[in-house]
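There are two complexes below, and they share chain A, which is joined by chain B in the first and by chain C in the second.
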Partner chain A sequence: MPTDVLDRELVHSGHVGCPGCGATIAMRFVLKALGEKTIMVLPACCWSVIAGPYPQSALKIPVLHAAFETGGATATGVRAALDMKGDTETTVLTWAGDGGTFDIGFQSLSGAVERDENFIYVCYDNEAYMNTGVQRSSSTPYGAWTTTTTGKDWKKLRKKNIVEALVAHRIPYAATASIAFPEDLLRKAQKAKNMKGSRFLHIYASCPTGWRIPSEMSIKIARMAVQTNIFPLYEVEEGLRYTINYRPKEYLVREYFRLQGRFKHLTEKDLDQIQQMVNEDWELLLRKAGEHV
Partner chain B sequence: MKRVLEGSHAVAEAVRLAKVQVISAYPITPQTHIVEILSQYCTNGTMKAKFLRVESEHSCMAALIGAQSVGVRTFTATSGQGLALMHELLHWAAGARLPIVMAEVNRALAPGWNIWVDQTDSLAQRDTGWIQMYCEDGQEVLDSTIQAFLLAETVNLPVMIVLDAFYLSHTYEPVDVPEPEEVDRFLPPFAPKFQLDTAQPCAFGSLVGPGDYMDMRYQIALAMDDALIRFGDVEDAFAALFNRRYGPVEAIDCADAEIIFITSGTVTSTCRLALQELRAQGEKAGILKIKLFRPFPVDRIRKELQAAKKIAVIDRNFSFGASGIFAQELRAALCNTPRHPVVFGYVAGIGGRDVTPELLKEIYWLTKNSEVPQKESIWMGIQEVKYAD
Partner chain C sequence: MIMNKYVNPDNLYIARSYLTTESNKTGSWRFLRPCYDEKTAPCSIACPAGEDIPRIEMMATQGLFKEAWEKILIENPFPSVCGRVCFHPCEGSCNRRDFDSAVAIHSLERFIADTAIRYGISPELEKKPSRKQRIAIVGAGTAGLAAAWFLSLLGYSCDVFEASSEVGGVLRWGIPLYRLPLSALRHDIKQITELGVAIFTGKKVSKEMLSELKKKYDAVFIGCGHSLGMPLSVPGENLSGVSEGLEFLRQIRDGKSPVCSGVTAIIGGGNTAVDVARSVVRLGGKALLLYRRRRQDMPALALEVEMALEEGVELEELVAPAVISEENGKILLTLQEMKVEGEECGRDRVIAATGKNRQVRVERILKAIGMQASESWQQADRTDNEILTLSHSVLDSRGREAVMVLGGDIVNKTKSVVDAVASGKQAALALDILFQEGIEAVVPKLQACLVGPGSSLSMEIFMGGERRLRNKHVVSYEEINTDYFRFSPRVTQPRLLKEERIQSFEEIDLKISAHMAMKEAERCFNCGLCNQCDNCFIFCPDTSVILGRDHQGRHINYDYCKGCGLCVVECPRNAMSLGEEKS
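What follows is the complex of A and B.
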């Protein structure tokens, strides 16, 4: 573990996250890396509730709750005002879910990154609209059941590749991270903190409620997503320099899918097809990282 | 110093004098002249402000909500579709009690595309918790914009300065532009009552249950009531320094008037001319110009209209299925008074059509020659169209 991480907690135990909530674990680690001189912009997401109702707050940093689709824009204003007051030291952090990032907040995020606004944007990704009761988002993976993709209408479209969309903006720093790999997550959050311009962290955050898994499986499932190459750990600097941070051991996608209720309808043939898609994506990433033979 | 300025530039000069710190804008005709000047002022150092070139009006207001929450003075300008896109965040700005100031250039809403004046865009935002002031000329635009910051920061509510597309935004007039030191005496630096601060971490806008939520909304209602009183205080302070005052309404020849026009925006100027001609013919006519629309100055309106027999409300806007919006507001303000004038509603000048002195005089005679209104609103200058099945 990095030694210069806060031993104090900036997430209090009174939060109202579900047992095993990956988003809560992600918050705890990121705030340890960023520290107390951080102002958070919090567009609508599970964390709008997890942080606790008025007049309480589970977070020991200033929080500005914001409209769903405004994560990038609200942070733009916070940064501008801090700069006008001569405060260039405070980190501005937008903390958003996958719906607020991939879907409704994508324009605002794209605008902010194109302007190279000086802030960190964290998307904690639980692959659906979990706060409203598990509806599909453009981050929901191929094969998944949600309450709006039920029965034979399970999602048959790929998950949007949000990191590559940001890389296309030539964002100074974009990285994936996982709650199951805390050293890697802390290092990336600290690295982001020490950079300028727009920085994006995409954190895989399991959701026992929405994924139909036991809460004690939260970390294991998140780890397997990395080990199967479903969610590779990598980082990209200046939209050009790729570094792959973790080399998986030949785990099969099948094992990850079979543990989760949201995928239980899939046939062996479906799983073979998904394995092929995951292999393709990994090959593509290797080529981008210049490692493909 | 007197300068010949476009209405848009009168707004920009006021924003410069108010020492706004963060400006955010997205281009839309006919608002562009306001923000182009301000962008140049930020670039050339005339203003010490940050200009955010955001990717939509929605993001524009979101950015100002972020900036204002950190405790700096903010401004934007928009029109028509842009204001409609901002709608969600207009509620947000008022609910968060942020004293943001915005210039809104009235523009007709699509379809079809129409860049000309129509008040429906801003009046459709009447329930968002924004103070709204409708201006008649360039001087009023400049003065009201400077006053808007003091009023907004006093009651912690956002203010919308409303001006007609082209007739005001693109019309050059002589405008007295005050010196910066004079404005400094009127408008001190912004002292936020709350702000995001890492030394005192708080959460703004958290989840709130029905009990607290309703109390918070009541506080906004009280602040709006207070704004009506504070508007007078702000005008007093301004008049003491600059010797100009507009009032929440302006009553012109109302004392002995039997028929009173109700106007807003640039139609008022045209109506002043029509009024002169009517008075010259011995007609007992008057004008009540409505400047302050939210909070609506109900008591003043009742007082100014108490002796009139009829009022002719000119609406450059329409609420489909009801009537002109000012006419609705006037009926609502008057209905509980023991005796009040009959309310005649007229829709005119929609989508930039000219409202001429002749049209206003036609409205006067229509009103004088009718016992009671035939309709809630009469659309002026419409050719009857018979549609095929």
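What follows is the complex of A and C.
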């Protein structure tokens, strides 16, 4: 592992990400780990804008902007072209938001990983279509306000468990990571880089604008998501071997919800129910990891 | 083979970016401005000597023990002593108390000093060029020696006159060896003499000699302490079996073993009373400690009292001596019982419970109720307005002769070792300002050298060190980002067992290992200081924290910083601030 990983910088200043943007922090970390021998496929998402309008680029690596639903397919093509040129060294990275992963790009992703295409797919998850104005996605958590789930109609459906969907494809590597745990994130990105086949990283990336939180709180919120078990850090190899990377402090989810404007309508009763759902998910994960509940 | 020109990457028919986003100066979005802003730790203002505790612990964490030792010495020449006998008010204000428990600052101070002893290293401290003024110091106690230390660092030559055969004052003659071994004291004093301070022992300064000194020197510092016991003011206190506790300790420290057979009554509740009682036990006697208030009101350190009781000292609370008389060669002590009623000066007031008297028969009585000045010229005249009365010293520059400065126990409100150090420091700084800029400059210049909003002076600030740049804001517990700290138990001080303790005057507190010390130092939040953790750089979404070789190690690129505030919130130690952007 290169020792200067943290110092290398592949994201330029001057990008137009919102102040406190978690997705940008995630990008900095992942590119630090992957290095400059990386080609990025960028389906429509916040980063399509952050990466800069033509003729500017915020990244020091080649980026292919792609259609919303084509993250998996475009990467397949890029990989095939590189392989034809005999370049097996360059990493192909698809960088997609939750909309492009959970919803619109899901068939393309599922197809690519079923074929075990040799690439890394990173979903930076800000839990709604933030770029277009905070519309709900299948990643939006239970209880959240969005511009399409307003007032009393806040989202009353669970968040899709995307990692388990990928694990079901029995891909070599699937993991969750958080911008609040840089060491864990960098390690997972480097581990993925050194593997072959389809690799999937689900990165929790807070969104101050869409979540109605102060910009300086975006890391704190991301950390609390892990500490409360809402977003556990774990990795799965070959779809079978589960490793839980962080033992949460088991804070109450209440603390996490209270800090965010998108949850402010929730009553104590709702929060109790959410706590139960989180506990249930955590116990399920423990069982999968072969640990005692 | 014919080359397809479209394969040539220079002629791809897709739009390709050729500029970076750096032409967007996103700094214009900013309405809050982060900056590096080191602040003041609560422990450092609680320390009367104003030690830079968060920096010292940071250095200890990094294994920079010599540098940590020098960092202490610039504010306090007695780390070896204070690591052992100081009442460590620093720990009482440690922010870590709200997290798990206070950092064992005194144990670390002692460890750092012991390490310096062990490796025989000499401090490298900045010394100002020589000044022409010469200063006489009366009394080689803590205050006098501290004054000599700071004056020497400021370039003045000092002569110290000490009445007894060895220097150290109460540290040498009044604190039992099990709390302060001679080697520890001598090591601290060695640093002072190596700075070029001349010490003349066996020179008792009388009123006549003082007027001689006033002619020969430019200033005289009087730090002779209190050597006369306070009277009990009860009938029979002049009987031969009644003597001073401090004198008893002095005999022991002089190598003698005063007779301690039978029961010895000790009157008082301070550290001296407890020291006397525990010494009596070590000499084979029975100690009966009589205190007019309750145990929780005792000025002695709670731990000392606890250990004394473990060792077999008997404590009687709420009793005051009423009459002392002789009876068949023994002493008959009549005790007046006291009761708690009301409050005064923040603690419960006790008054005599009428009609409740009882008697105890003891071999002797040792008084430990406080001391006073033995001669009137050793007392500060606080009535004259032309005399400058400061918190820890009194300056008299009226006459044409030498400037007179009184310091140490004779002027300090709290009579502790570290307050004596504070006194020596204040006197030294005040004299320097007086000589260089005149009497009017003393108060404002001292004011500028205070640590944070507190009353402790910093020599480092006075000498123009980096500490002067620190924000005076005191970091509170809420301002620490505790997500970056783990619960970790405070170091357990290894001690001799009770059975081993009462056998001899061996030092009770044993050494801690370097490993334990570094682990303990790591517990320190380093409130308000940057320890180069790089969180600000790591979490910046705008790549606007630039690592560099400048003093801070990094700087903010305000061309692009959007002022999101993440760096400030994720700073574990509150070494950054977020302020409003001034357009």
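Just so it is clear, the second predicted complex is superposed on the first by the 287 of 293 C-alpha atoms of A that agree within 3 Å, B and C clash if a C-alpha of one lies under 4 Å from a C-alpha of the other, contacts with A are read in each partner's own complex, and residues count from 1 in each chain.
Basically, contacts are C-beta pairs under 8 Å (C-beta built on N, C-alpha and C of every residue); 3 or more make two chains touch, one makes a residue touch a chain.
These figures come from a predicted structure and were not determined experimentally.
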| item | value |
| --- | --- |
| Partner, of chain C and chain B, that touches more residues belonging to chain A | B |
| First, second, both or neither for A:Thr74, with chain B first and chain C second | first |
| Touched partner set for A:Pro214, first chain B, second chain C, both or neither | second |
| First, second, both or neither for A:Ile39, with chain B first and chain C second | first |
| Partner chain in contact with A:Ser57 - chain B first, chain C second, else both or neither | both |
| Partner chain in contact with A:Met84 - chain B first, chain C second, else both or neither | first |
| First, second, both or neither for A:Glu114, with chain B first and chain C second | first |
| Which of chain B and chain C A:Ala66 touches, first, second, both or neither | first |
| Interface residues of chain A shared between complexes with chain B and chain C | 52, 54-57 |
| Residue ranges of chain A touching chain B (in the complex, touch as defined) | 36-39, 41, 48-49, 51-57, 59-67, 69-70, 72-85, 90, 107-108, 110-111, 114-115 |
| Chain A-facing residues of chain C, complex | 15-26, 29, 483, 534, 538-544, 547, 557, 559-560, 562-566, 568-570, 578 |
| Chain C partner contacts - residues on chain A that touch it in the complex | 6-7, 9, 11-17, 19-22, 24-25, 28, 52, 54-58, 179, 182, 208, 214-220, 223 |
| List of chain B residues in touch with chain A within their complex | 21-22, 24, 48-50, 52-56, 58-60, 62-72, 74, 88-89, 92, 196-198, 200-209, 212 |
